Every structure is written in structure tokens, then in C-alpha cells.
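In what comes next, chain A is part of two complexes: it sits with chain B in the first one and with chain C in the second one.
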Partner chain A sequence: MDRLDFTQGVVRTRVLEKKLLTFGTLERLIDAGTMDEAMKILKETDYGSSFSLLTENNDFETILFAELKRSFQIMDDVSPDSSIVNLLRLKYDYHNLKVLLKEIILDKDFSHLYLPIGTMDIKQIKTFILNENLQDVDPPVRAAIVEVLTDYKITRDPQRIGIILDRLYIYHFLKIIEAIKSPLFIEYAKAMIDFINVRTLIRVKRQKKDRKFLEEVLLSKGNIEKEKFLHSFTDSIDQIIRNFRNEKIAKGLIPALQSYKETNRFEDFEKEMDNYLIKLIREAKHIHFGPEPIFAYLLAKETEMKNLRIILVSKANEIPPQMVRKRMRESYV
Partner chain B sequence: MAKLNVNPTRMELSKLNKQLGIATRGHKLLKDKQDELMRQFIVLIKRNRELRMEVEKELEQSFKNFFLASATMAPEMLEESISFPKESISVHLSRKNVMGVHVPVMEMKRKMEGDEGSIYPYGCAQTPSELDDAIAKLNETIPKLLELAEVEKACQLLADEIEKTRRRVNALEYRTIPDLEETIKYIRMKLDESERSTITRLMKVKDIIDR
Partner chain C sequence: MNFAEIFVNFGGVVFGGLGVALAVIMPGIGSARGVGLVGEATSGLMIEEPEKFGKSLLLELLPGTQGLYGFVIALLAMGQLYSTMEIAHGLFILMACLPIAFVGWKSAIFQGKVAAAGVSILAKNEQQTTKGIIFSVMVETYALLAFVLSLILLNSVTF
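Now for the complex of A and B:
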């Protein structure tokens, strides 16, 4: 991949970045008295173009999805190499795959759960699976399907569908990133894996599962060794904080763990995790030749949507603004 | 109040007397049953109130967690993660006799008893942890919810039965018994009357013969 190929793409991305919601707009949205008011403010922004799709009032999910789809399409156009955009589409591919496999195993119709922004043609894959002919499926995906189906035949445990596909998704993600050879991407993916692993460690403890289960759900290939998590399995939260004090992600992880210790809730943990990752990816602002700004833009857009969803869901449930403000993620701009 | 449409004969009188005896006894018994039902009902209603408040509070908490989870992920992803439950729960139904009323007894049977983590049917990497809290809370609430259903149904059934019993008690107290009493009185008077007229007639006849 030639970094100079991205020159024009980066310039276009910079222009698009200007259209991301500003802090001021988000504040106005938070302070909006009602859902209608919030929607009116949103209509003035870049999201306004999707309002024509609304069939019923205040159905913000339609708008968010349309906007996500639009952002992906724009980036397809901007990016000279499709693998960058596809990297972020992968999450939706694996989501669709989970839906598809559950659909097949349960013999039910989950067609309303598909998110049609992945790279794969899920209908085609379904026919392939039903015909038991997987030759034309992308090799990593084929391996994933085979692994899940064989595993289900033996264990009959639906939870494992999610676990296996989550794991394979991360590895697939990493594989693409390694091919792109961008140090920032690799750092991003490893930090994400580490954060997820720490969260998993605590969640498994809370779910009162055993060590074997933890070993099963932990992701390898992060910066922190899998062994270290297994060793921390019986430790108290204070001990866990001490154990991970010197890790690379400590700057975000320690406050996250501290807040978990105080509240016994993950609310802030996940916020700290998102904030850490977005801070990491801000590095892309200083990169002018290469795929990073495109990747960063899409992540920024996803974070923005996460914030919007928090605001709008809260508006719909009449949550006071100060509570909403506490849960907001840092934005990229 | 109306007297019954019967012939004023001795035969009827003894029949009605017998009926009155039964009615009074029945009335007393039904009254006792009503009082006892009432007592049970009040106990159940109190329990029902408590349970309902508890369950509503817990469900509210759980829904709040669900809402927190739904705020950080796409609704399709949320639904996907819980679309294929790992655990299956069945309810065993039997019944209990409370003062002649059959009230249901429900018992929950979990297929994977003892495995605390079996209620989470998804992987950890892509789901927010608030979902764990929501599901754990729901899991805690379910037995109470089931008890609430049981108590509430029992209350309904008891209320029906109390109403029915009260109707019967009232019918006996204000209708059957007064009617019977009045008819008996009427027959007795009629019989007395005819006895007196017979005596008078006899005295008159005797007077004529003596003359």
C-alpha cells in the first residue's frame, strides 16, 4: 500500500471532519427539553439529509442507521483502498453472521436483525450453508462458519456462537490490520483487546463463572498476556488495579478500574475505554499521508452516533441532562 | 317479604319448619365460611401489595439497565445477543385448596440449576456489561414475579368466592328465612283460626241439640 495514494482522500476526509457534530451542538442536544426539540436541532446538522426517510415521528434509529450507511458509502468513495473501510464494516459482517447462524440453528426468521452495511452478501452465504457448499465463501468466514456449526453440534451451547464469533472477528480484524502495516492501527487493536480482556475478567467474576470459562472467552494477541488475566482471576479489585498498573493502557485503564471499584458498575469503565481509544486515534490528525485519517473518521462517526444514541434514548426516557452529560464519550474533534 | 304459595295444612307446616331449620343452620355455616375467607383474603392482599411494590421496583431497575445497554449499542445487536437463550425455564403448576377454593401453586424449574452464569447467552467482547446487570436483575425478579402471579390469582379466586358466599348468606338472611318464618306464621294462624271455628261450630251444635 502506497501511503501517497491517500493524499486526496485525506484532504476530503479533513473536509468531512469539519461536518462532525461539534461540542456545542451536542450540548444543545443534551439541553433540549423534549425529543421534538432535540430532533429539530439534529435536523439543522449534517443528519438533516436523512430526515426524509422518517416514516414515523422521532424514530431516530432510522436516521442513525441511514447516516452510518451514508458515511460508509462516502468513505468507500474517498478511500483508494477498500480494505480500510471494510475493516470497519467487519463488525457488522460478524454481527450478521451471528444472526444468520442463530437463524439457521433455531430455524426462525431473524431478518429484521440484519444490518445491511457489511461486506458480505449474507443471503448468498445462507444458501451456501443450506446447500452445504462453502467453497465460494471467503476463507476466514468459511472457517468461522464451520467452527461454530461443529462446536454447536457437540456442545449445544448458544453462548458459544457469540464467543467464537467475537474471537474470530477480532482475529480477522487484526489480520487485516497487520496487512495494512500501520503502527497506529496495530496499537489501536491491541489496546482494544486489552481493555476488552480486563472487562471480561471482571464480568466473568461477576457472572460467577469458572476459570476455564475465562480462558475460553479471553482474547489473545493483545499487549497483555492471557496468562496474566488468568492469574488475576481470584484477585480482589484492588489487587487487579495493582496488577495492571504498569501496562501500556494504564492511563485509561486505572481510572476505569477505580470508578468500577467505587460504583461497582461498568458505566464509567466503558466510557473510559472509549475515551482512551478515541484519544489514541486522534494521532491520525497529524498524519497527512496514509490510511489513518479515513479509519479515524469512521471511528469518530461511530463515536458520534454512540453519543447521539445516548442523548436520544435519554430524551425518550426523560433522563435529566446532567445524567446524560456524565455518560457522554469524548468526541474526536 | 312475601309468604310462599302453599296450602295451610299441618303437613306443609312441618315441612316448612324443617326447611327453616336447615336454612338457619346453612346460614350460620356460610357466615363462618365468609368470615374465614375474608381473613385469608386480607392476608393475601397484604402480601400481594408488598410483592407488587417489590417487583415493580426491581423491574424498573432492570429496565433502566436495559435502557443503559440499549443506549450504547445498535438495537439489532442488542436483540441478536439475546435472541437465542441458553437456559430454558418451565413452570410447574399444581393447586392448593383454600376453604374450598382451588388456588394455583406455581413452581419454577430451571434446566441448568446451579449454573449461575447460564443466564447470559452471549459473548463478552461485543456486548456492554450493563446487559449483564439487566439480565441478572431480571433473573432475580422472576421467582418473585411468579409468586406475585400466584398470589394475585389466588386473590381473584378468593374474591369471587367471597362474593358468591356473601350473596348466598344475604339471600338466606334477608329472603329465604323471613319468607319461611312468615309462611309458618301464616299457616299457624290459619290452623288456629280453623280450630277456633270448629270449636265454635261444635258449641253451637251442642246448644241446638240441648234446646
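Now for the complex of A and C:
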């Protein structure tokens, strides 16, 4: 991949970045007294045209999703290499795959859960699975389907579908990133793996599962060795904080673990994780030639959607602004 | 007439001609690459904000000057060519053309990169565009030095 091929795409991304919601706008949205007031503020922004179509206030989910889909389509057009945009579509693909396999295994209809934003044609894959002919499926996805189905035959535990696919998603993501050869992307993926492993560690402890299970669900290829997590298995949360104090991701990990310790909620851990990763990807602001700004823009857009959803949901449920502020993710701009 | 005889009789003009050709070819390639790169960046900007065309034009033109310098040196060197010139004279003209040939080639590409990055400034923060232009002009210094040296060399020795 020639970095100079991205010159045009990067400049277009820079212009689009200006339309991302600023800190000030988000603050005004949080402080807005009612849903109507929030809508008025949103109508002044880039979301104006989409939100003016909104008739019933509570149907913002559809609009947010349509906006996200639109951002992906714009970036498809902007990026000269489709693998960058598809990299971020991958998590939707695996989400859809998860839903699909649960549908097949449990013989239920979950079609409302699909997120039509991925690269795969999920209906086609369903036909392939039902016909037991996976030849035309992308090899990593094929391997994932086979692994889930064989595992279910042995264990008969539908919960494992999610666990297996989450792991295979990360490996697939990492495989694409390794092919792109961007140091920033590799750092991003490794930091993500480390965070997920720590989350897995505390989750397994909380669910009181055994060490063998932890060993199975931990991801390899992160910056922190798998052994270190296994050694921390019997430790208290305070000891875990001390154990990981000197790691590369400590700047984000320690606050994440501390806020988990205070509230016992995984959402708080994930918020700090998101913040660390978006701060990491801010490096893309200084890159003029290469795929990083395109990746960063889509990530910024996803974060913005997350923040808007938090704000709008809390407006609908009349949650006070100070509570909302605690849940907000840091934005890219 | 065999090859050795051609070399002895016309070697001077052949080497002189090579110098002229290189002075046009290399900075020309560099400038085309540089201008092309900035062109890609500015066209990205035009899709979103076409009103910035005027300001982007300056950045677009900067890497183009190297090609022009090479062309001027080539014209001057060409004026000194004649069919019976000595090999030493021809070789000297070739040497005199080399500074602008090589520096023009590479500096145009590097300048193109700086100017393309400058387009990002124009995209995000229009008031600060001049800074991007200044950074880009810095690279021009070295092309200009090479141009001046080629010019002096061409006129410094009389055969």
C-alpha cells in the first residue's frame, strides 16, 4: 500500500472532521432541559437534515444508525483502499454472524438484531450454512463458523458462541491490521487486546469460573503476556492494579480499574478503555499521508454516536446532566 | 567511421547534449510528481470546499518551479553546444547541469509533500494557510541554490 495514495482522501477527511460535534455543542446538549431543546441544538449541526425528519422524539436510534451508515458510505468513497473502512465494518460483521449462528442453533428469529452495516451478505451466508456448503465464504469467517458449530456440538452451550466469535473477531481484525503495516494501527490493536484481557480477567473472577476457563478465553498477541493475567487470577482488584502499574497502557488501565473498583460496573471500565483508545488514535491528526486519518474519522464518528445516544437516552428518561457527564466518552476533536 | 571515431570527433556535443537532456528530464519528473501530489490533495479539498480554489493554487504551483529552473539551465547550456566541441567542454556542460538535475528532481517531490500537507491546513484552518506556504517555500531554497550554482558553473569557464 502506497501511503501517498491517501493524499486526496486525507484532505477530504480533514474537511469532514470539522463537522464533528465540538466539546461545546456536546456540553450544550447535556445541559439541554428537554428532548425538544436537545433537538433544536442538534438541528444547528451537521445532523440537522436527518433530525429534522424525526417526527416522534424517541425514534432517534434509527436516525443515529442511518447517520453511521452514511459516514461509512462517505468513507468508502473517500478511501482509495477498501480494507481500511472494512476493518471498522468487521465488528458489525461478527455481530451479525453471532446473531445468525444463534438463530440457527437456537432455531429462533432474531432478525431485528442484525446491523446492516457490515461487508458480508448475511442472508447468503445463512443459505450457505443451511446447505452445508461454505466454499464461497471468506476463509477466516468460514473457520469461525466451523469452530462455533463444532464447539456447540460438543458443549451444547449457546453462551460460548459469543465468546468464540469475540476472540476470532479480534484475531481477524489483527490479521487485516498486520497486512496494512501501520505502526499506529498495530499499537491500537495491541492496546485493545490488553484492555480486553484485563476485562476478561475481572469478569472471569466475578463469574467465579476457573483458571482453565480464563486461559481459554484470554487473547494472545497483546503487549502483556498471557501468563501475567493467569498469575493475577487469585489477586484482589487492588493487587491487580499494582500488577499492571508499569504496563504500556497503564495510563488508561489504572483509571479504568479504579473506576471499576468504585462502581463495580463494566461500563465504567469500558468508558476509560474507549477514552484511552481514542486518545491513542488522535496521533492520526499529525499524519498527512496514509490510512490513519480515515480510520480515525470513522472511530471518531462511532464515538460521537455513542455520546449522542447516551445524551438522547438520558433526555428521554430525564436523567440529570451530571450523571450523563460521567458516562460521556472523550471525543476525537 | 567506427564508434571510437564518433566518440573522439563528437564526444563533446554528445555529453553536452546529455547534460541538457538531464537538466530537463529530472527536475521535470520531480515537478510533475510534486505538482501531481498537491493536485490530488487540492482536488480532495475542491470536492468539499470549492471556494478555496484561489488559495490552493499557490500551494499547487510551488513544486512546479524546479521544472522551470531545469528548463532555463537547459536552454542556456544548449546555447553553448556546437558540433565540433571538445570532449572536455562537453563533459563540463554535463557537470554544470547535474546540480539542478538532481536537486531539482528530489526537492520537487519533497516540496510537493510539504505543500500537500499544507492543503490540510487550508482545509481545517484557513487563516493559517500562509504558514503552510512558508514551510513549503523552505524546500525551494535548496532548488534555488542548485539552480544558481548550475548557472554560475555554465558561465564560469570559457573554452
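Just so we're on the same page, the second predicted complex is superposed on the first by the 320 of 333 C-alpha atoms of A that agree within 3 Å, B and C clash if a C-alpha of one lies under 4 Å from a C-alpha of the other, contacts with A are read in each partner's own complex, and residues count from 1 in each chain.
Keep this in mind: contacts are C-beta pairs under 8 Å (C-beta built on N, C-alpha and C of every residue); 3 or more make two chains touch, one makes a residue touch a chain.
Keep in mind it's a predicted model, so treat the numbers as computed, not measured.
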Going by the contact rule set out at the top, does A:Glu270 touch chain B (first), chain C (second), both, or neither?
first
#### Entry: chain B versus chain C as contact partner of A:Ile84, first or second or both or neither
neither
First (chain B), second (chain C), both or neither touched by A:Leu113:
first
Discussion item. Looking at A:Ile224, would you say it contacts chain B, chain C, both, or neither? Reply first, second, both or neither.
Written reply: neither
Determine, under the contact definition given at the top, whether A:Phe289 touches first (chain B), second (chain C), both, or neither.
second
Touching A:Ile177, do we find chain B (first), chain C (second), both, or neither?
neither
Of chain B and chain C, the partner touching more residues of chain A is B
Overlap of the chain B and chain C interfaces on chain A comprises residues none
As the complex stands, chain C meets chain A at residues 37, 40-45, 47-49, 113, 116-117, 119-120, 123-124
The chain A residues in contact with chain B across the complex are 61, 65, 91, 95, 98-99, 102, 105-106, 110, 112-115, 157-159, 161-167, 169-170, 196, 199-200, 202-204, 206-209, 213, 217, 219, 265-267, 269-270, 306, 309-310, 313-314, 317, 327
Per the touch rule, the chain B residues reaching chain A in their complex are 67-68, 70-72, 74-77, 79-81, 83-86, 116-117, 120-130, 132-133, 136
Seen from chain A, its contact residues with chain C in the complex are 4, 7-12, 14-18, 288-289
